[in-house]
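This is the structure I have questions about; it appears just below.
Letters A, B, C and D name the chains as they come in the text, with residue numbers starting at 1 for each one.
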Amino acid sequence: MPDKPKVAFYWCASCGGCEEAVVDLAEDILKVVEAVDIVLWPVAMDFKKADVEARPDKSIVAGFINGAIRTSEQEEWVRMLRRKCQVVVSFGACANSGGIPALANQFQKESILKYVYEDCPGMDNPGKTRPQPESKDEGRTLTLPEFRGMVRSLDQVIEVDYYLPGCPPTPKIIMAAVQALLSGKLPPKGTVLSPDIALCEECKRKDSKPADLALTEFKRPHQIQIDPEKCLLAQGLVCMGPATRGGCEALCPAGNMACTGCFGPTSRVKDQGAKFVSSVFSNIAPKEEKEIDAVLDGIPDPIGTFYRYGLSKCLLRRKLQ
Amino acid sequence: MNEQFEPKIVAFFCNWCTYTAADLAGVSRLKYAPNVSVIRVMCSGRVDPQFVLDAFARGADGVLLGGCHPGDCHYAEGNYKTLRRMRMLERMLKGMGIHDGRFRLEWISGAEGDKVKAVINDMTKKVRALGPLDLPGKFKEWDKEMEELEAHVNKDSKKGETTHAR
Amino acid sequence: MKYLYFPGCSLKGTGRAYEESFLAVFKALGLEVRELEDWNCCGATAYMSVDETKSYALAGRNLAIAEREDLDVIAPCSACYLVLNKTQHGLKDNPELRRKVVNALKSAGLDYKGKVRVRHPLDVLINDVGVEKLAKFIKNPLKGLKIAPYYGCQVVRPYSTFDDQYNPVTMDKLIEAVGAECVSWPLKTRCCGGSLTGTLPEVGLKLAYILVKEAKKRGAAAVVTLCPLCQFNLDGYQDQIARKFERVDIPTLYFTQILGLAMGLPESELGIKRGIISAQAALAGR
Amino acid sequence: MSENKPKQENLPRIGFYVCHCGSNISSMVDVAAVQKYAAGLPGVVVSRDYKYMCSDPGQEMIAKDIKEHKLERLVVSACSPNLHEETFRKAAARGGLNPFYFQMVNIREHVAWVHTDKKAATEKAMQLVSAAIARVAFHQALDKKRVPVDPNVMVVGGGIAGIHAALTLANAGKKVTLVEREATIGGHMALFDKTFPTLDCAACILTPKMSAVKAHPNITLWTYSEVEKVEGYVGNYKVTVKRKPRYVKEDLCVGCMECIDACVFKEAKFADKFNQGLGKRKPVYIDFPQATPKVVLIDKDTCLHFKTGKCKQSCATACDRKAFDFNQKEETKELQVGAIVLATGFKAFDPARSPQYGYGRYPGVYTALEIERLVNASGPTSGEITLRDGKHPKAVGIIHCVGSRDAKTNKWCSRVCCMYSLKLAHLIKEHSGAEVYNFYIDMRAPGKAYEEFYDKLLGEGVHFIRGRVDEVTDWAMTPDEEGKLVLRVEDTLAGFVRRIPVDMVVLSTGLEPQADAQEVRRRFNIGCGTEGFFQERHPKLAPVNTFTDGIYIAGACQAPRDIPDTVAQAGAAAAEALALIDAGFVELEPNTSHVIEDECCGCKSCVPLCPYSAITFDEVKKKAVINEVLCKGCGVCAAACPSGSIVQNLFDDDEIFSEIRGILK
């Protein structure tokens, strides 16, 4: 019996949610385990870096890498995995577009470290000591990975073959991806493994959206009693559904919460945040500057809202000094 | 003559008003700075904020958007959509550290040739004072921090052993 | 409504009647007026032709002081009103001049942003207070008193800030509001001789004579003006005019004086007696 | 999200041409360098420069190259696309290439003519060229859509311009609806006594045309009516017209005016607008004897019945044709037309804005239109020149350029005032024998027989004083000025200030846009210049066209103009409308947008964006649909579709992104 195709799971700047998603496959995980031979999965199995390095290049059929890239260690791992794997799948929003961690790209490295190690509430660090990349301890040298200047998506570090969108990707599209990989019937390189159509397609609330929507204000979720039936954007909530790829079966709107855009844009859009702005503000009601500004004030943190999972993929990549 | 920084500004002009005003400025032989290259769109409402960000990302030091005065749009309301989008885009540009003055929205009617000259000269002067934005250069500079490790890992791939790299 | 008040030298000197009546009327109307603290000479039009930068700095200092309080400043004297306006325009349109003046002011711990608004009392009375509200304060309307409204030049030209350059009407409205009657008089903004009466008397006196003669001819019992220099020129030289041309003897009052009278304020508070040609006959004779 | 740049190998074969435009371009742009630069760009297989690309040989060269080199795209860098885009599209078509595989680069109006540094200008030209060459690779083959044209026409404004345009169109067999806001057609011309330079009597040459309009079977005349709304597009306009009530049935009244005599008001009491307020009229009135239609109307604000309800309506009883109908209501009518001619005319400058002339203060000061009524035999004084106090003036001063050529009011020259001032000078001298003084800055008599008319006036002893009147005053400096209006003027030919005492002053007020010009032009979706006159498509080459196809303009609504030019323009506008209608169809530009059905998620974000309701939502398929005939091609929905599923032809994302890339390479 030819030995089973090897797959690897790895995580970088990640919250572990993507690992959860794999586990969420529930019984299907057994089908996966039967079909493949998992050779790396830090959260679940104790393979060491040396074990992976010992493997010949391209010996692993597919590598599922989630989490954004912030440290030199993560860079090293993903470059090594790129060598070892035939196919690298960018797994989840952090890997695809920087995810929540990339929101840190609005701050300079020094201000982050200063806040974390000196200014944040409860910090008692009079000496202002900071973790050093290299430090001596009783004759031994301790090293730490480099804290990079910005958070990057996976494909800004290595070449990526496929993308599994979502925060986290839903078990359904994970399963579909694994089966496609095993069957060898793969779409062209660079494809996002989820339907290339916006989320409203699958949203139950679509019919309640009026055809002449002209918002006069935006609301935050805690400010209104959300009607479980009606279109969330029509209720004045910032729902990124129209500008976000489908495939998640509109889980969040079904859970009475506006879509926050985690599946990323469709293939025809270069910058999800800019495109959403182009669409949703085209038809707010006011025509005068002052009144327009009043409506815009309903969204206090535009960058955090429109690039919640995708600041690394914003065309400007990062806030300037 | 010291090499003065010459900003590169990309402009989107609506065909019916601002593009025609620019033609009028030409026919009237008005003289203005050569730093602005114009892309013609049928209405300022066709300009997608992605175009503005893409222009900056590709090296523009400034982006100018010209449309008809509110109420004058050849398509009745196109410029209101422009105003709404661009008010929010201005906030996002500020949030991403791009100085105001680099992106500019101007209403210029088909008869205002001299306003095209005034706006282009004024914007060129202001952007020159702000200095180069040069995002492509900054992108390369930001990614330099990965070069050393990348070279190191690729070097190892030949010999197969691993060492920690800084 | 609260205002700052820039008196200038005339209202402390020959134009004292203007200050007295202005303060009395504004107090009676409930408009709080506070003299600008530590104001300095505005330089008037002469100094501007001698040394422009220094004169703008001199006049600019008053603007800078007023700006600290974020209130409008009222300059009743036409020359001060013109100079302060001219300074604001000069500093707005000429960045080089502005840089020098702001530096000068900085050394005195002051700064100039261009926020302060320079107002004329007539503009405040008609546009801020309004004719309807003024009517409520009129106790004894000056029925039958025929007046020639004389605006002079500096308030209407070159910056016609609140009225028309050729045919100003704000003071006419006030005169009608106090119950008096304006005679039709086309010399509203014709030159009163200004400083010529001192330097080229034969020209200056002729110009003043033309005004008073036509006013009397048109049946006016008094000329009412808003400029201390015009008041002085018309009122002060009528004896010389009588020797050179003919005796006219028509009193020249300030619009604040007749408004005060109509509001029933005592003549002593309005400086009525300060006029050289007595206005008693005119005021009584109506 | 890969960069959609066409791969090197499947780039189309591009032909590139740069024009010298004589020396207009080559004087500031190094065309040879541009040609060489373009030759090196990916996809370019032919790169030429030529002295006059738009000439026949230039176009022939393109067609030949297309065939010989099997060109698949065409880029021409020359003047503005507004000028010759059509020319080169046709040249491409002649070569067998789809005309929309062509992209134009503006290096004349936007580069050569506006820059002074040749190196910088050439560099900018290269950027624009590289943008166009990158863009054209993405162009798709397109075809102009043909749409039928409604043969009916609407003319708005019943002055001489509207009348002539309507008659010309009607004589060509077209059904015309002429809409006029006032109760009668005739416009300003109906006010005049004589017209320059021939001194034709205005009524004699105007009334035949007015009755021709009334009698013409092809013309429907709607007076006392205004256009309220215009919808649709070239060839297919739907116009909503509001008809104000006359309280008199138009088809019954024959204008015998018995009712006016019978009106409860014994004499005429109310200011008569037609006679500029100099004459009086009753609440029931007719503007002037030759009014067309010859139908009376009731002014609701002064008629006793409407004010108090207690009137014995003697006018109605006096009317044996029972034409009165006191509860006539405002009516709204809708009309389908293929073309609209706007001839809404001008407004005279209100001299109260220049108080130095004393209009409104001195009764002896008149506007030119008031004098037109005084000298007119059917005017309030039956042609007698009398002052308001009944006296006859012995000296009259006519001031030219009132409100015109003045930085404080209107900067422009109103073109007709010198000539009508000369005419009025002649008429006043003829009617009253008074001394006449004309105060002018420059005597502008450019038309046919105009200068000769000026000579004629010089011969008639009119005094011409060259200088701008500073002031009109009743202050007498010397005894002989007593009781007179004195005009103070610097006589620039004599070289000193003069004071001219006169009894009557005539202000030759200039022409300016109608008070509601802004709303009217927005209603018809055309532009206007900074002063407010309607914007022509091209000042020299398309003076009666506008940027909105199917809407034409004629006469003083576009700029101050005398009657000969107005009539000529009216004819031209009629011809343009006929050309559109007789073609039977109109070609719509193909730069419309369309929804990619399987990419549309049905989020309806685009549906409310379109002011022309071209976007609808298919409830069955749950997809947005764009009606390509209604779509005007603005591209707003393409920019606003949140999933990038709407594409605008000729301006899709790939094309614009490639232009940005080309400029910033």
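The rule we apply is simple: a residue touches a chain if its C-beta (ideal position, glycine included) is under 8 Å from a C-beta of that chain, and two chains touch if they have at least 3 such contacts.
Nothing here was measured: the structure is a model prediction, and the numbers come from that model.
Asker: Taking touch as defined above, what minimum step count separates subunit C and subunit D?
Answerer: 1
Asker: As a test of understanding: of all chains, whose mean C-alpha position lies farthest from that of subunit B?
Answerer: C
Asker: Can you check which chain pair, A-D or A-B, has more C-beta pairs in contact?
Answerer: A-B
Asker: Which integer distance in Å separates the CA centroid of subunit A from that of subunit C?
Answerer: So the centre of subunit A lies 73 Å away from the centre of subunit C.
Asker: So how far apart, in whole Å, are subunit B and subunit C when each is placed at the average of its C-alpha atoms?
Answerer: 53
Asker: Averaging over Cα atoms per chain, report the distance between subunit A and subunit D in Å.
Answerer: Whole-Å distance between the two chain centres: 57.
Asker: Taking the mean of the CA coordinates per chain, how far is subunit A from subunit B in Å?
Answerer: Taking the mean C-alpha position of each chain, the two centres sit 29 Å apart.
Asker: On subunit A, where are the residues touching two or more other chains?
Answerer: As it turns out, subunit A has residues touching two or more other chains at 269-270, 275, 278, 282-283.
Asker: Out of subunit B, which residues touch more than one other chain, so two or more?
Answerer: Residue numbers touching two or more other chains: 45, 48, 50, 54, 81, 85.
Asker: Strictly by the criterion at the top, what is the full list of touching chain pairs?
Answerer: Every pair of chains meeting the touch criterion: A-B, A-D, B-D, C-D.
Asker: Where on subunit D is subunit C touching in the complex?
Answerer: 354-356, 358, 361, 471, 473-475, 477
Asker: Touching residues of subunit C toward subunit D in the complex: what are they?
Answerer: 164, 166-167, 184, 186-187, 210, 214
Asker: Which stretch or stretches of subunit D touch subunit B in the complex?
Answerer: For this pair, the touching residues of subunit D are 80-82, 106, 108-111, 113-117, 120-121, 123-124, 127-128, 131, 522, 525, 527-530, 535, 547-548, 591, 609, 611-612, 632-636, 638-640, 648, 651, 653, 656-657, 659-661, 663-664.
Asker: List the residues on subunit D that touch subunit A in their complex, please.
Answerer: These residues of subunit D touch subunit A: 1-2, 598-605, 607-609, 617, 622, 636, 639-645, 653, 657.
Asker: Residue numbers of subunit A touching subunit B in their complex, please.
Answerer: Residues of subunit A touching subunit B: 49-50, 53, 57, 72, 75-76, 79-80, 83, 106, 133-134, 143, 146, 148-150, 156-157, 269-271, 273-275, 277-278, 281-284, 286-287, 289, 292-293, 296, 299, 302-303, 306, 314-321.
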